[in-house]
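Below: a set of structures, written as structure tokens.
After this come two complexes, each holding chain A, first together with chain B and then together with chain C.
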Partner chain A sequence: MAKKLTETIIAKAEELFDQVEVMAGYSKGSNPLKVSPCFIEKKQDLDQLIFDKLCINNLATYAYRLSKQVKGNIGMVLKPCDAKAVNQLISEELIDRAACKMLVVGCAGVLDHQKISRHLGGARVFSANIGPETIEVETAEGKKELKTADFYADKCHWCSISDQDMGGDVFVENQQKLQAPKKDRFEDVKQLEKLDLDQIEAYWKDEFSRCIRCYACRNVCPLEVCQDQCIVHLDFPNWQSQKVVPSENKFFQLIRVMHLAGRCVECGECQRVCPQNIGLLKMMKKMNQQIETLFNFTPGMDVEAKPPLLTYKTVEENIEEEELI
Partner chain B sequence: METIYTLKKQDLKPWLESLAQDSDVYVPARDRDNSLVDFFNLSEIKDDLGFGQGQEKRYVLDLVEKTKRSPKQVMYPHWEDLLDFSYEKDPENIEDEKIKLSVSQEAPNSIIFGLKSCDCQAIAKMDAVFGQGIVKDPYYMKRRENTVLISLGCDTVFEDCFCTAVGGSPYGFDHTDLGLMEDGDHYVVFVYTKKGNALAQASNSYLAKADAKDGQDYKSRMQERGRKASEKMSSMWPKTAVEDMAEHLNKAFDASQWKKVSQQCISCGACTFVCPTCYCFDIRDDKDNRQGKRYRCWDFCTSYLYTLEASGHNPREDIQKRYKNKVNCKYNYNFQRQGHLYCVGCGRCVEVCPVDMDIRQIVAAVLKSKQP
Partner chain C sequence: MTEQEQKSPKKEARIVAFLCNWCSYAGSDAAGTARLRQPENLRIIRVPCSGRINPLFVLKAFSEGADGVLVSGCHPNDCHYTDGNFYARRRLEALKEYLPFIGIDKNRFSYQWVSASEGQRWQKVVTNFVKRINSIL
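And then the complex of A and B:
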């Protein structure tokens, strides 16, 4: 099935290729559980493209970068959830809709290779055969059979757009439908909110005591486009100390959250790439929850919609104004 | 040093705890809450640390898995204060302002237990950076002098390991003070340095001297174990000798391949910060009104800001140049400068890379592009 899907994607990419200078897609990774982002500049290289359940990376990470590097159009292979990030970039006028050709592929859910790798204790993997029900892996420690349902990326458990075209240029339908078991998107946020403030404070202090400030979370984010001029590195004024202590680490994350308010599409890349397994997405989800209640807005769903924090209304429906004395 | 000791496994805990009485002992442990393995200060987690499986403790000693971060931060912390400064006015002449400086540095006695041979090699490379040349780094060297290294032979090949490809070996004990080999219900302890000898002699209630015959036997078994472990790891660069790599990379400096292999890099510092041999730092001031601290903190060469000059010019503006520098620094420049590669094959950078960049494949691809 995956093979046929890949063939369709390559065929569609070939059709699209005349209009673009470079095509971002997925190719074989450095080990059987990983895929690698690739950038194709020649039509004959399109057969490197693959698409399977391991394609967890959000290639929209490269949308803004590529649009600055390349004179012509860029093409991208995107899952519907990735396309949300591109849509958001378009609605903020950070990239030009016409210069970005989106090849959106219907998604049956993607697997988090780190979850699998952790389950296997980091053992060397020789081969992996991934089916909708089971994953057969051959490792240095022997053969193992795992249940696919246990290893989906978190975001797949509450995805509702897996077969939508998200306004892309080409849509490739996936015969397989989303298979990840349904879960509550705010479950972890709710768990945390049950605690009292001191406990929440202690929880985050513990999480951020591990942060190594590698900035992978910031750099992988498709919407954090100003990372080369980021205020956390400024000398004058020195907003943020470079000392790696929990309070400063938390401050850095709060800057991220604030700068992504009403923009974050919850692709989960920040949490996925964190080398220290910090639960960053909880913060983003909480912020999005606020934005949804206050402004009834979900980022990345509509390129025409104005993001609420980039505009203003004289009267906000859901914000009670304090009376002026 | 020829002395060989044995340590019963059940004595490991009391031994480490006795060492922790006058040193900071760092042990590799898994944190159950987030499934990370890291080096922890034993006295900080003592009550929450379980030795062996089946104990309901937050941390479990893990002598198999590779730690996520390298142990370099014990001697070369992520950030450290270099000096305190304050501006003080002369009460006689208020126009006159003096800068007052003071330096305070802590360098506690430390023991790092359970080092893998790759990490040990890496510490030797760090020593060369901070301890050779005209100016020695007093901050690093003081900590280093007060640190004892205890390694443990490594029998597990992890997904990203490639120490044998860069001249290492899983039982390479050449830079350690004490080397341990697991053997049934005990550990065999090999002494390599004066520091190690002193520590072993001070631990005589836990370590038992092996007699000459057993010692010979342990030694040959250790070599055999090392050979087997090396065999398990297949070399990634079979055709290029480590010695030739610098030359090959010089020739490949303008190879077209660089663009292709570095294009996916997102310029984060994950690989640098988990690397046991990356040593670059930045110096900054945290100033509050008229006083402050000057400190240094790790820097990463894949960052746009790393080479940004005050004029606004950036000689390594795009990621291709930055990544090329990173690879050359490890496999070329430092080989020419220090005589050995600045990569020990621990594979941490491969493991943490958010976008699946594998430095082995990248080097191989670049070298291939220049070969006939």
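And then the complex of A and C:
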């Protein structure tokens, strides 16, 4: 099944390739549980492309950077959830719709390879055969059969995007449908909110005491386009000290939250790349939850929509101003 | 801070106030000129417009140890720059609801509208806000 899908993608990519200068897609990774992003500049290299359940990376991360580096159009292989990030970039006029050719692939859910390796106790994997029901892996400790449903990426459990919504320039249909069991999107947010303020503060202090400020979360984010011009690197005004202490680490994350308010598409890349496994996505989800209740806006769904914090209404229906008198 | 200071019950609340140049700053000035009595806990920072206030200003103030943050600008529809306070309202409301999630009591933050002629209103806002902060501390 996966082979047939890959073949269709390569065929469609070939059709699209005449219009683009570089094509970003997935290729085989360094081990059987990983895929790696690849950038194809020659048509004959298109057969490197693959697509399977392990394609968890969000290639929209490269959309802005590629569009600045390349003179012509860029092409990208995207899952519907990745296309959301590109849509958001387009709606903010950060990239040009016409210069970005999207090859959207219908998605049946992606697997989190970190969950699989954790389950296997970090044993070396020689081969993996991923089916819709089971995953057969051959490790240094022998053959094992795992249930696919246990290893879906978190975002797949609350995915509600219908494939056609994300249109793109070319759409490749996937015969398989999403099988990840449904979970509440705000489960972890609600759990944290049950605690009282001191406990919440202690929780974040504990989380951010692990942070090493590698900035991987910022660098991987498809919507944080400022990258090296980030305000944390400024000397004047000195937004952030160089100290790696929980309060400063938390403040760095708050900068991200505020800069992504009403923009974050919850692709979960920040949490995935975090080497210290800090629960960053909760922070983003909480802000998104508020933006949804206050302004009834979901990022990345509509290219025409104006981002909620870049516009206003003279009378806000959902804002109740407090009177201190 | 020494241990003794921490234990002392009369800890003075430190409040950072961001006031817009055209309404609230003039309003607080009017309160002063009219010799209205008000608490001295505020450290006032004058900004051109409430739309100038980045939510990160507020978060930075909290992370540097402020007990409370007060933002005040022109009334909606009265902004010197036409629409600065409308943008501010959206940002600050989003921020306000977010504070409890990072372990900050949302009563420690408030945004208010005070115009240049409302010295009395300013006095009430400050008095009530300081009272509220003191009750939390």
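General observations
Operating definition for what follows: the second predicted complex is superposed on the first by the 317 of 325 C-alpha atoms of A that agree within 3 Å, B and C clash if a C-alpha of one lies under 4 Å from a C-alpha of the other, contacts with A are read in each partner's own complex, and residues count from 1 in each chain.
Note that in this section a contact is a pair of C-beta atoms (placed from the backbone, for glycine too) under 8 Å apart; a residue touches a chain by one contact, two chains touch by 3 or more.
All figures in this text were calculated on a predicted structure; none of them were measured in a lab.
On the shared subunit chain A, the superposed partners chain B and chain C are arranged side by side without overlap. Contacts of A:C226 after superposition on the shared chain: neither chain B nor chain C is touched.
Shared-chain residue A:A11: touches no atom of chain B or chain C. Look at A:A140: by the touch rule set out above, it reaches chain B but stays clear of chain C.
Once the two complexes are laid over each other on the shared chain, residue contacts for A:S247 go to chain C alone; chain B is not touched.
Legend: residue contacts after superposition of the two complexes on their common chain; A:R124 is shown touching chain B, with no touch to chain C. The angle formed at chain A by the C-alpha centres of chain B and chain C is 90 degrees to the nearest 10.
With chain A fitted onto itself, chain B and chain C come no nearer than 11 Å, counting C-alpha atoms only.
Shared contact residues of chain A with chain B and chain C: none. Residues of chain C that touch chain A in their complex: 54-56, 59-60, 63, 76-77, 83, 86-87, 89-91, 93-95, 97-98, 100-105, 110-113, 121, 124-125, 128-129, 132.
Those residues of chain B that touch chain A in the complex are listed here as 33-36, 65-66, 68-69, 78-79, 157-159, 161, 232, 260, 263-264, 266-270, 272-274, 282, 284-287, 295, 297, 300, 303-305, 318, 350-352, 354-358, 361.
Put simply, chain A touches chain B in their complex at residues 29-31, 34-39, 57, 61-62, 69, 117-118, 121-125, 140, 206, 210, 212-216, 218-220, 227-228, 233, 235, 238, 241-244, 269, 272-273, 275-278.
For chain A in complex with chain C, the touching residues are 189, 192-193, 197-198, 200-204, 239, 247-248, 250-251, 254-255, 257-258, 261-262, 283, 286-287, 290-291, 294-295, 308-309, 312-314, 316, 319, 321-322, 324-325.
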